[in-house]
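The following pair of complexes shares a single chain, subunit A, combined with subunit B in the former and subunit C in the latter.
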Partner chain A sequence: MIWKTAWKNVWRNKVRSLVVIISVTIGIFGGVFAVAIMNGAIAQRVDAALNQEISHIHINDKAFRDNYDIQLTIPDGEQILKEIEEMPGVSAVAPRIQITGMASTATKSAGVEIIGIDPEREKKVLNLYDTTIPGTGDFFESESSSLTAYIGQELAKELNIIRYIVDEDVLAALTGKEVPGEVLNKLTPFVGIRFKNEKAFKKALKGSLTLKEQRNFGKSIRDAAWSFRSRSKMTLTFLDKTQMQTGAVFRIAGIYDVRNSMFEMSQVFVKNEDLIPLTGMAPGEFHQLVVRIDDLEATEEITAALKDKLPDLEVMDWKEIQPDLAMMTDMVQRFYAFFMVIILAALAFGIVNTMLMVVLERTKELGMLTAIGMNKKRVFSMIMLESVFLSLVGGVLGMIISQVLIGITARNGINFSNYQEGLEALGYTSHIYPAISMPFFITVTVLIILTGILSSIYPALKALKLDPAEALRTD
Partner chain B sequence: MNNIILAWRNLWRNRRRTLITSASVFFAVLFALFMRSLQLGSYDHMYKNVIESYTGYIQVQQKDFWEDKIVDNSFPYDLQLDQKILEDENVVATIPRFESFALASNGPQTKGVLVMGVDPEKEKNLSKVRDRMVKYRLTPEAIDRIKQDPGIPAKVKELTELFENSAYTNASRLQLDLGITDKDAPDIMPAVERHSHFENGAIQLGEPGVWVGDKLSEYLQLGIGDTIVLISQGYHASTAAGKYEIKGIVKLPLPDIDNKIVYLPLDICQGLFNAENNLTSLALAVNDNEDKAILETMNRIKSLLSPELRLMEWREMNEVMVSQMDADNKSGMIMIGILYLVIAFGVFGTVLMLTAERKREFGVLVAIGMQKKKLASIMTIEMLLIGFLGIISGSLIASAIILYGVDHPLVFKGEFAKMFEEYGMEPMMAFTGIDTYFIWQVVIVAMMVFLAIGYPVRKIFGMKVVNALKA
Partner chain C sequence: MKVLEIKNVHKIYNSSEVKVHAVNGVNLEFEKGEFAAIVGPSGSGKTTLLNMIGGLDTPTQGEILVDNTNLAGLKSSRLIDFRMRNIGFVFQSYNLIPVLTAKENVEFIMNLQKWDKKERDERTFELLKAVGLEDRVNSRPSKLSGGQQQRVAVARALASKPKFVLADEPTANLDSKSTETLLDIMEHLNKEEGITFIFSTHDARVMKKARRVITIEDGRVISDERKN
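After this line comes the complex of A and B, so read on.
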């Protein structure tokens, strides 16, 4: 009965209620959608880390991670590999050699981690191979008589392996992408020039395009002029097991793009069989085992089992390898809650005001109700329910709208290409698929109800203080 | 004047409503200012860190160096040009540098490093690398000494273990990590400082010797007095190799650079790369670092340079960071936007009720001869007063917090601090002082109030007196 009365009361002054409802709707929608974008970005980051960068569990010598000493291989590695492979819950294991070295081309050099892998096994623990940029080759699939390396896009740019060339094809492709003729005309002087790297090309574009043109078309132009000469090569230099400087020329097998500049800049993959002869290591020796498991939920259990099994080695799960990943998720969750609470607090002011108005407006009516025997508890709950209804209607509307919009945007993602460089430097992609979990909606619903209750307390107390006789006399 | 008095009295007729509406505006202003101050302050702090410990505001470079950072793209150090640049009114000092990439090694450990040839005297004007020297370090021996000291409380002794091997460039961070309050500091800190004191040597022009970043020294397991080997490619494809004694450890507030920096005396570095008397950059220390002043300085200096040289501004040299800050800035603005939208509806709702509630009163006033125009202007003033009450109280409280915060930035400890460092950030958040962003928040809130006023004003002008009296 009280529920019904409260609900009907909401609609007695439609305009006033709608203002409150709309403000709650907007607040909840804005908050939830902003959270969905951040949440999506983090989920993608974790996903990329687990599937392209680190996988689930690493096993290596206890001192290996201190400074990647080449001497610290896993004793009886092959045997351990086989044993782990057969453990229940483990889906794949891959051996790795890891050496710190330098990659250089004729003009440039950079410090890198040289990672020796067994391509077939590696494919089962990580799907990095899937991120090969089309046209740059593959993940050690095609036969090659020379040594080959699989490198990241950022490193390729840094070493001038990727160049920028504008030719007729590029202009044609850009016409297809609706770049206006005016801009294309400005590009014609560049036809035939070979720009050594992205920065040089950007500088040239800066000189001839207006700021607006650069902003609108710069990225499409750079993507179109992006050029890679197949079978480019680079030299990898490092110290071998006897601490002598060694190295060899590697041809580029393929270039990957994981949208994480730091990873792309530092991780160079080569085949174990190519690397071993250079290092002075024995065939079958390696530094690290990368383990992929069937079920992510079982990470801790399997890590513990591996720790028991291999007391002399360091076993780390992904949370230990990249503690910032787990912590980031944690911190962002706290931030979401804080953000929603701030919005709800702002909404509460509006609700308190409205409810206060409601009570003052209905002084006579409330007096009448009390006079004919409605007890205080019921009066209190009637007002509280009205307030909860007000906020809940707006909240549910807001959540529905955000869910719909999240659904729409999640299909193609939202591209924050203006911030690509900055985001990728932190390891985040700029193409974000908003996502939200159901528990978050439940939390928000609870928070909304709480807001409704809290903001009705003061007005409801006001109503209780009314003296029926006095209230009846007001007009 | 009468209108204002009437409006003021009206406000206090329903004190509660006035206060609640003002409170919502107050809350929005307070929160927005607080958040903006933290955000802008953190950007300023990061820019300052990277500019003052690394790039400087302006650099002179060979025209292709930025695109292609190789030793061949260096330029001869021309003292005459140097003199001419120094004559510019805004230039305080010129800081010659030679930077390149090398492989650093200590037997089995190798790592790609950033080699920076500097003139230690001249660096004082910009990167103040001497202030970044490690002064205290909690080595296992230092921790032992602290533990044996009866004057130090047990809690502090416990905390030292958590920070084993941590390096400090100043005593205040050490004090914070060890959980020593300002009150206890005079009793405890001198002893702690004495036990954890770390002795560094200097590097000088003409004397081979290097300073290395704290993180790098940890990685290479090298300490003072040890030898570091540098291998790289020199000028015109010559081989560059040399070994140097480590004279000191520095700790830069940029972890990304701290884990790869090696400072060499300028002339020794030029010798290593076979590029005697060449520079890769000439950084300028400036007096006035406002954008406008920087731009003017650049324009003046540009005319002095040969076509082989060019000027780079800090924004161009830190593109990635500028883009990150920009993305963060935009997301902060969107959040404040949402908040303001919510508050705007709250204010509008109040206005709506206020109008409905006073319909009869308005009718009576007009019936006894008050002009609608006058009534509308009283209403307007009333609303503006409510808005300004919120704005002024909000900005006052925010100013108090911010002014306090400027001198007391939020400094993070423990795990949280580590995460910041993983992302290449210093574990602290600074506030920025009162600046133009204050005015913006006030303008936005004022606009919100103005929009809300439209409703009652329209109601008043469209009012039918007879109907209103019956309400």
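After this line comes the complex of A and C, so read on.
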């Protein structure tokens, strides 16, 4: 009866209740959706890191990561590799040689990490090969008489391996992409000019296009004018095992695009068999083992088992390799909670205000209810239920709207292309797929109910203080 | 059988400057089945007296015994429960719960007392029939006339079979036809079911129907007449 009466009371002043409900709905929707976007971005970041950049577990000499000393290889590496491959829960293991060095072309140079891999094994621990930009290469697939390297898009731009050329084909392609004629007209003066890098091309575009045109079509134009001279070359220099400087010319066997500028800038992949003769290392010698496991949940368990098995080596799971990722995941959890608490606190004040009005308006009725025998506990529960209903209706609506919108946007993602450069510099993609976890959803629901209860306490206490005789006398 | 005894009851209001002796040494007894009116001009203290009888206000001095229980001796939570079980209230401005239907208003107290559904439905229907509203069971108060609302209020007051019903100027807001109907209904319930009614009023029509008229002036009983 109390429940029914409370529910009916909510709809007594429809406009006022709707205003509160709508504000709860908007608050919850805003909070949940914002969290979903952050969550999605982080999930994608973690996913990219685990699938394209680091995989799950790394094993190397205990001092190796201090300064990547070429001497610090894994003793009996081949044997250990085989043993780990046999372990339950392990899906693949790949050996790596890792040295620091310098990549240079005729005009530019950059410090890089040169990673020697066994392409077939590497494909099983990471799917970096999947991110190869079409037309740039095939991740060491095709036979080559020369040495080959697989590099990131950012490094390719930095070394002027990628250039920008506007020609008739580019203009035709842009017409197909619905770039208006007036913009194309502005591009015709560029035909025949070879821009050495992205910066120069951007600068030229800036000179002739309006800000709006740059924003709307800049990326399409750059993508279309992007040009890669196949079989471009670069020189890699590094120290060999005897600390003598050595190096060789490598042809580009592919450019990868992981949308993480730092990674693209620094990681250069070459074949182990190409690197071994240059470094003076023995065949089968390597610095690191990259382990991929079947179930991410088992990371800690398998890492512990590997640590037991290999006490003389350093075994690190992805959280240790990239502590920022782990920290990010932990920190955002706390951040979400904080974020939701602020939103709910704001809503609580709205509810308190409304419920105080309700108590004031219904002084006489509440007096009558006490007079005819409704005890304090029941009066309190009735007022409390009314505010819980208010917040719950709004909360549930907000959750439904968020869920629907998350569902829709998760299918195609949301494109934050305006922030692309900034996001990619931090390792985040600009195309975000919002995502929310079930526990978060449940937590929010519980918090909404708690908010309803907490914000009803003060108005309900006010209702209890009413003197029935006095309350009845009010008009 | 005595249902209510009022023994030397005083009520003094101490506002900042003036001391108001609203009820000044009232002694009264009510038997089961009485149909009594407490009358007096505005400010005579009749509403204060009625509130004290109903346990909504406490006497400054004296005792109010309902079925030999002293109301002043009950803690507030016990008092609310006592009111629910023993006293029915009818207010001047009906005071129904606007979001509930006539039926729901009547069964509200039975619900609080956790009656089972079958008994509750039977009693509710019986009462609504007694007040002539069996065809308005599902109407909300806003769809009922003032007289009809007050009849629902009477049905509600009787729901939990109280020892007596207190009605504070029940006809003050009603036209003469509604007043007559309401009085007839209450008289009928009084005679047929032996329910004790105590009114406060200055409505001559109520006084005419009442079988006992207690007149109060300046907080004192100045006359107590019984008609036959």
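Assume the second predicted complex is superposed on the first by the 475 of 475 C-alpha atoms of A that agree within 3 Å, B and C clash if a C-alpha of one lies under 4 Å from a C-alpha of the other, contacts with A are read in each partner's own complex, and residues count from 1 in each chain.
Heads up, the rule we're going with is that a residue touches a chain if its C-beta (ideal position, glycine included) is under 8 Å from a C-beta of that chain, and two chains touch if they have at least 3 such contacts.
All of these numbers come straight from a predicted model, not from anything done at the bench.
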*With subunit A superposed, do subunit B and subunit C clash or fit?*
fit
_After the superposition on A, what does A:Phe339 contact: first (subunit B), second (subunit C), both or neither?_
first
*asked:* Just checking: does A:Arg12 make contact with subunit B only, subunit C only, both, or neither of them? Give me first, second, both or neither.
replied: second
*Given the touch rule stated above, what does A:Pro468 touch, subunit B (first), subunit C (second), both, or neither?*
second
*Once the two structures are overlaid on A, work out the angle subunit B-subunit A-subunit C from the Cα centres, in steps of 10 degrees.*
90
*After superposition on the shared chain, which partner residues are touched by A:Val352: those of subunit B (first), subunit C (second), both, or neither?*
first
*So, A:Glu365: does it touch subunit B (first), subunit C (second), both, or neither?*
second
_First (subunit B), second (subunit C), both or neither touched by A:Phe441_ = neither
*May I ask you to decide whether A:Met374 touches subunit B, subunit C, both, or neither, giving the answer as first, second, both or neither?*
second
*asked:* Tell me the contact category for A:Phe228 with respect to subunit B and subunit C: first, second, both or neither.
replied: neither
_Chain touching more of subunit A, residue-wise (subunit B, subunit C)_ = B
*Between subunit B and subunit C, report the minimum C-alpha distance in the superposition, expressed in whole angstrom.*
13
*Jot down the residues of subunit A that show up as touching in both complexes, subunit B in one and subunit C in the other.*
none
*Taking the complex as given, what residues does subunit A use to touch subunit C?*
1, 4-5, 8-9, 11-12, 364-365, 368-376, 378, 468-469, 472, 475
*For subunit C, which residues count as touching subunit A in their complex?*
51, 54, 56-57, 76-77, 80-81, 83-85, 88-89, 91, 93, 95, 97-100, 104, 107-109, 111-112, 156-157, 160
*Going by the contact rule at the top, pick out the subunit A residues touching subunit B in the complex.*
13, 15-16, 19-20, 22-23, 26-27, 30-31, 34, 66-71, 100-102, 104, 107-112, 160, 196-197, 199-200, 203, 237-239, 243, 245, 261, 323-324, 327-328, 331, 339, 342-343, 345-347, 349-350, 352-354, 356-357, 360-361, 416, 418-423, 425-426
*Mind pulling up the subunit B residues that touch subunit A in the complex?*
16-17, 20-21, 23-24, 27-28, 31, 64, 66-70, 72, 101, 103, 105, 107-113, 219-221, 231-233, 260, 319-327, 330-331, 334-335, 337-339, 341-343, 345-346, 348-350, 352-353, 356-357, 415-416, 418-419, 422-423
